[in-house]
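Some structures to go through are shown next.
One chain, chain A, appears in both complexes that follow, with chain B as partner in the first and chain C in the second.
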Partner chain A sequence: MRLSPWKSYLFLVPALVYVGVFGVYPLAYNFLLSLKDVTLITYIGGTSQWTGFANYVETLQDPVFQRTLTNTLIFTGLSLLFQFIIGFLLALLFNRSFPLKGLLQSLIMVPWVLPIIVSGSFFRWFFSDRGMVNGFLLSWGLIEKPIPWITSQQWPIFSVTMANIWLGIPFNFVLLYTGLRGIPLELFESADIDGANWWQRVFFITIPLLRPVIITTLTLGCIFTVKVFDLVWIITQGGPGDVSHLLSTLSYSLAFNKFHFGRASAVLVIMLVLITGLTMLLNSIRAEEEGSLG
Partner chain B sequence: MAKKKRRKEWTWTLIALIPTVLIIMPLYFIAIGGFQTVAEIFHRPPYWFPPHPTLAFYKSALVTLAPYLKNSLIIALGNLVLTLAVALPSAFALAKFRLKWGKATFFLLAFSQMLPATAVIIPLFLIFNNFALINNYLSAILGIGIFTIPFATIILRAYMQAIPTGLVEAAFIDGASLLHVFRSIIIPLSSPAIATAGILTLIMGWGDFIVSLSFLKDQAMQPMSIGLYNFIGQYGVQWNKLMAGSMIFAVPPLVVALLAGKSIVAGLTAGAFKE
Partner chain C sequence: MKALKIGLIVFMLVLCGSWVLAQEKITITVQDYFDPAGGMAKFIDEMAVEFEKSHPTVKVNHVYIPFAQLLPTILQQSLTKTVPELTMADNPWVPQLIKAGTYKDITEKVEEWGWENWEDFFRGHREVTSSEGRIYAFQITTNNLALFYRKGLLEKAGISQPPATWQELKEQCKKIKEALGIYGFAFCATASEEGTWQFEPFLWSNGGSLLELDQPEAIEALQFLTDLVKNDYTPRDVVTVSGQGDVTQWFINAEVAMMVNGNWEFGWHLTEDVMQELGDVEVATLPVPQEGMKPVVPFGGECFGISSNIDPAKYDLAWEFLKALASPESMLQANIKHGGLPTRASVAEKILAERPILKPFLEQAQYALPRPLVGGIDKYPDVSSTVWVAVQKALTEMLTPEEALKEAAKAIRELFSPEEYEMYRKMARELLNEAMGK
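Then we have the complex of A and B:
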């Protein structure tokens, strides 16, 4: 548009200032912190020393960090897989008309609008030693003694992953459902007439046509899952010990429980590198996809 | 024939009911948990209905949480005002003008949406601490803004792009100022998107956990989410109060979501399918 272009810049100022001060600046500050020995004492005393990459070296050698990295990969991989499959099946189911559809659709959104402290508290109870899962499994005679879902060495990461899968269903459902609505119904109908069965229709019509939406859903899902914090913090605080940490909860615990801000920042920088890498990788897949289609 | 088709459609309702019930099951168990004693909550096998329902825990949760309510309202509403004040003008500029900095700003906004909360909160904690902002509502409002502002801007921009540019140009030719166009054309025409973005911002501000947990250490300043977290004490969880309080805390967003189901879905997808 030709008129008043310079004045229109003024409208960008609030967003630029805000994101600059509360987004970019903290990130840069983060990077500085990761190169210093910042603990509560050195921070208050103003005596934090530059230590170069010592925080990174210490982090990468730390067995807790290594376990956390594995946990983050398990958590992200399993969450993405199951959220996607469940969301996709729901989208297929809701892509036809039936009575009360609108109401049921709103109810499926519940995990998304429920405050995280509420769903987190539920899963904390659900998975506790005397909680509902063990309650049902024991009374149905499926197990002999309670499974320590969130109090053992090996189970907690899988328990929080299950909780996160539940949390991610609405997001996958909504994106895939919106995508499905964009596919002309005639395509399914003609395939139906040609004698294609349900599996053939899904695999040879729906999935290929939905590809761009599927890639977007998985990309965003991946980015949102890698950074999950609240849910895990409320259910296990990364414990018992440090066995169920994700990169996000490990950094938080290093900062606010151990007051080791320098090392927390190093973990965050590693996490940011991971997220940026993932975004770039997935974007290049998407670009290739679009290129091959165009 | 029509009757048969109708019956077939109801069959699909029944099929769709199964996953829906499974998904909202946690909410049901939270709701009945608040009517039960701790012994009943942990009864084996778990109760499907509270055997001796009592309102006592809902009452006591309400009493304990009442002081936190004011803080939740201040933070959620303050965040709403901040978010709209920043997101509306920038969405307008990004949607309607080709600016040299436009692409960069949009990229920055999209990028902030990808940021892990902890990556912002840990450095911000130290920065706010320097400015004596810790334990101040402003710290929570500004902190939540980093998640709500990019989200709201992207939703509003997507909607404003669909407003015919001719309308804006005609107003300029008639001599209207930029501010006038923004106030008298863009804002009224975007009201559905403003409602959607506003609702989602309110829900996010109301449900915030990590920002308040990190910045509001003084109990007198904490919102209800942290009030509930305080029920998970160091020496044992007050389960029935936690359940009852959770239900009370969840009602406002649930009511809003059920009333505004469609626009929430629209907002989610506008935020996802950008460009």
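Then we have the complex of A and C:
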């Protein structure tokens, strides 16, 4: 039996309701909050005033926000770059067989399986003045005084980025490794016969064929990285001072430390714009790619 | 006959119905963030059982919300008018919640109960739970900060008495470093309220105010702490600890000989078995800037109030429960189990007999200050986060204490209108002077 066209649209209703309730409504509400002066008192009392784009103006002019935006870009850029390179190299390595492969493969997955509260607390200790990194460096005589990995102005954002790279490697590895297994072996065999070396095989066969997977990996990685919150919150809470905030931790701190809900929402909207922008950029590369192939 | 039978059946049905209705219990919900396995939560559970026994129609529902979720939860509940009958909050939030209309004005009930009950509460606790002469909540437990020290470690470094002044603290740290190679002193300077809260005793004891941070008293206080870190008497990691509990771990591991911490540690990390194992933990009042001065500390602790959206039919019952919780007997028992300090003068005397180690805390409690009242009332959370950022910047040498505090002072002034600022500044000054005994 064929359904009449309007009846078949009914199947969309559950999905639409779901997206509406859990997607559109919170986003719209968050946007409305960002246009108001919302504090604890005005929120409960329901007396928040409309202030137009004042929250955005204030946010954009705030030096802490500017530093935070830079931090977020550094954090996202470096994380994506190194997670990808290391994940890709590991995928290439594991694409051949060698002893203990299975065991090593499961070890690579450890960062992904650990709860962030555990790995975050570990990194806080790892990077602390009296922690493991400084302990090694001191005992090998490489430094005389502990390096303030997370207790100085310049280092903390790079330290949390390193922690995040470690956490992101398994994700990149899994996607790229799965992609690699999908490339027909005959291609490599015929390249071998033609006398191609390892580098040529990677650059002329693997990477071009892996492109869709690479772009998906980067897009998802980008979304996951821009919104990282817990890791940084556990290691530095945005400190010391306010030098290691990401947009997510800044927004949380504005809302629940200072009770500036309006400004916190504005930061979230900016973060959303950033994620959307970066994703669209990556998508446009893919579209171009497909266009050129077709 | 038939009519009689029907009448009888109807009568029985009505009887059954009213019996069923009578079984429908009235629920009173108590909401707090006390660890369900901890002493305070267990005490409230026991109280609930007692209350249900004496009020057979009432069911007391005790709900636990983790600390980080309590405020967001209260916000949601306020919007939907579903704030539970009895709601607990951390004391720095209370002035804001009162102003936002979350709590019901219970002044009349308190009057009925007797003013002597209200006046029994220490002044700071009365101030934080009332507004413009009206009463909204009771603070049932409190805590503050004192100096914990390892007597054995001090003796090994040739020190017989804990430091009484800042100068002595510095000298003893030097001796400890030379003799034992460990840190002398630690405090918590994390990026949260805990960071500000641990800075306040140094600021206030030196006569500094959160609303006058660019003044010499404040700069001196931060300079003192910064020097301790600079001289390696205090680990610089104090800025990244996850909280005050981390510092206690260093203390237990003998990585530091002295620390600033609160009495709740006796119910948390320094439990009886740990205390016995270490064998040399003692507590003294906090060192003061100059001999003859008083340590002025902030107080913490939790307040219970009745929700403003309460069903009028439940108000009397909720009040009875609250009154029982705030009664001297309950307060004593609850705080013994919780490791907390009572907030009523009459109870404070009694708890010392049970827990003598609390003496320094109780001594300080009498002139301890409520944070919001000396920190801009409902702007306190904002003021506080500005302060911990400044403290961290100074301790990590990004800025000098003077630069960091000037920056903070400016940011804090901009939170208020000039008239408001002047009013709060004066109020803080008066309360501080009074606490310092000037």
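By our rule, the second predicted complex is superposed on the first by the 271 of 294 C-alpha atoms of A that agree within 3 Å, B and C clash if a C-alpha of one lies under 4 Å from a C-alpha of the other, contacts with A are read in each partner's own complex, and residues count from 1 in each chain.
Quick note on the criterion: a residue touches a chain if its C-beta (ideal position, glycine included) is under 8 Å from a C-beta of that chain, and two chains touch if they have at least 3 such contacts.
On a predicted model such as this, the values are computed, not experimentally measured, just so you know.
When both complexes are superposed on chain A, chain B and chain C end up clashing with one another. After overlaying the two complexes on the shared chain, residue contacts for A:Ser152 are found with chain C alone; chain B is out of touch. In the superposed model, A:Arg124 lies in contact with both chain B and chain C. Of the two partner chains placed by the overlay, only chain B lies in contact with A:Pro14; chain C stays clear of it. When the shared chain is aligned, chain B and chain C each come close enough to touch A:Tyr43. With both structures placed on the common chain, the touch criterion links A:Pro240 to chain C but leaves chain B unconnected. In the superposition on chain A, A:Asn197 makes contact with neither chain B nor chain C.
Looking at the superposition, the partner that touches the larger set of chain A residues, chain B or chain C, turns out to be B. Shared-chain residue A:Gln61: touches no atom of chain B or chain C. Shared-chain residue A:Asn257: touches chain C; no touch with chain B. Of 59-67, 113-121, 203-211 or 329-337, the segment of chain C whose C-alpha atoms clash with chain B in the superposed model is 59-67. Counting contacts by the rule stated earlier, residues 43, 121, 124, 130, 234, 256 of chain A appear in both its interface with chain B and its interface with chain C.
Against chain B, the residues of chain A that register as touching in their complex are 1, 3-5, 7-12, 14-16, 18-19, 22-27, 29-30, 33, 43, 86, 90, 93-94, 96-102, 104-126, 130-132, 135-136, 138-140, 166, 169, 171, 174-175, 178, 216-217, 220, 223, 226-227, 229-230, 233-234, 247-248, 251-252, 255-256, 261, 264-265, 268, 271-272, 275, 279.
Touching chain A in their complex are the following residues of chain B: 9-10, 12-13, 15-17, 19-20, 23-24, 26-27, 29-30, 33, 41-46, 85-87, 89-90, 92-94, 96-99, 101-102, 105, 108-109, 111-112, 114-127, 142-143, 145-146, 149-150, 153, 165, 168-169, 172, 177-178, 182, 203, 206-207, 209-210, 214, 225, 228-229, 232, 237, 239, 242-243, 246-247, 249-250, 253-254, 256-258, 261-262, 264-265, 268-269, 272-273. Against chain A, the residues of chain C that register as touching in their complex are 68, 71-72, 75, 78-79, 93, 96-97, 99-102, 190-193, 235-237, 239-240, 242, 378, 381-382, 384-385, 389-390, 392-393, 395-396, 398. Listing the residues of chain A that touch chain C in their complex gives 40-41, 43-46, 121, 124, 128-130, 148, 150-153, 234-243, 253, 256-260.
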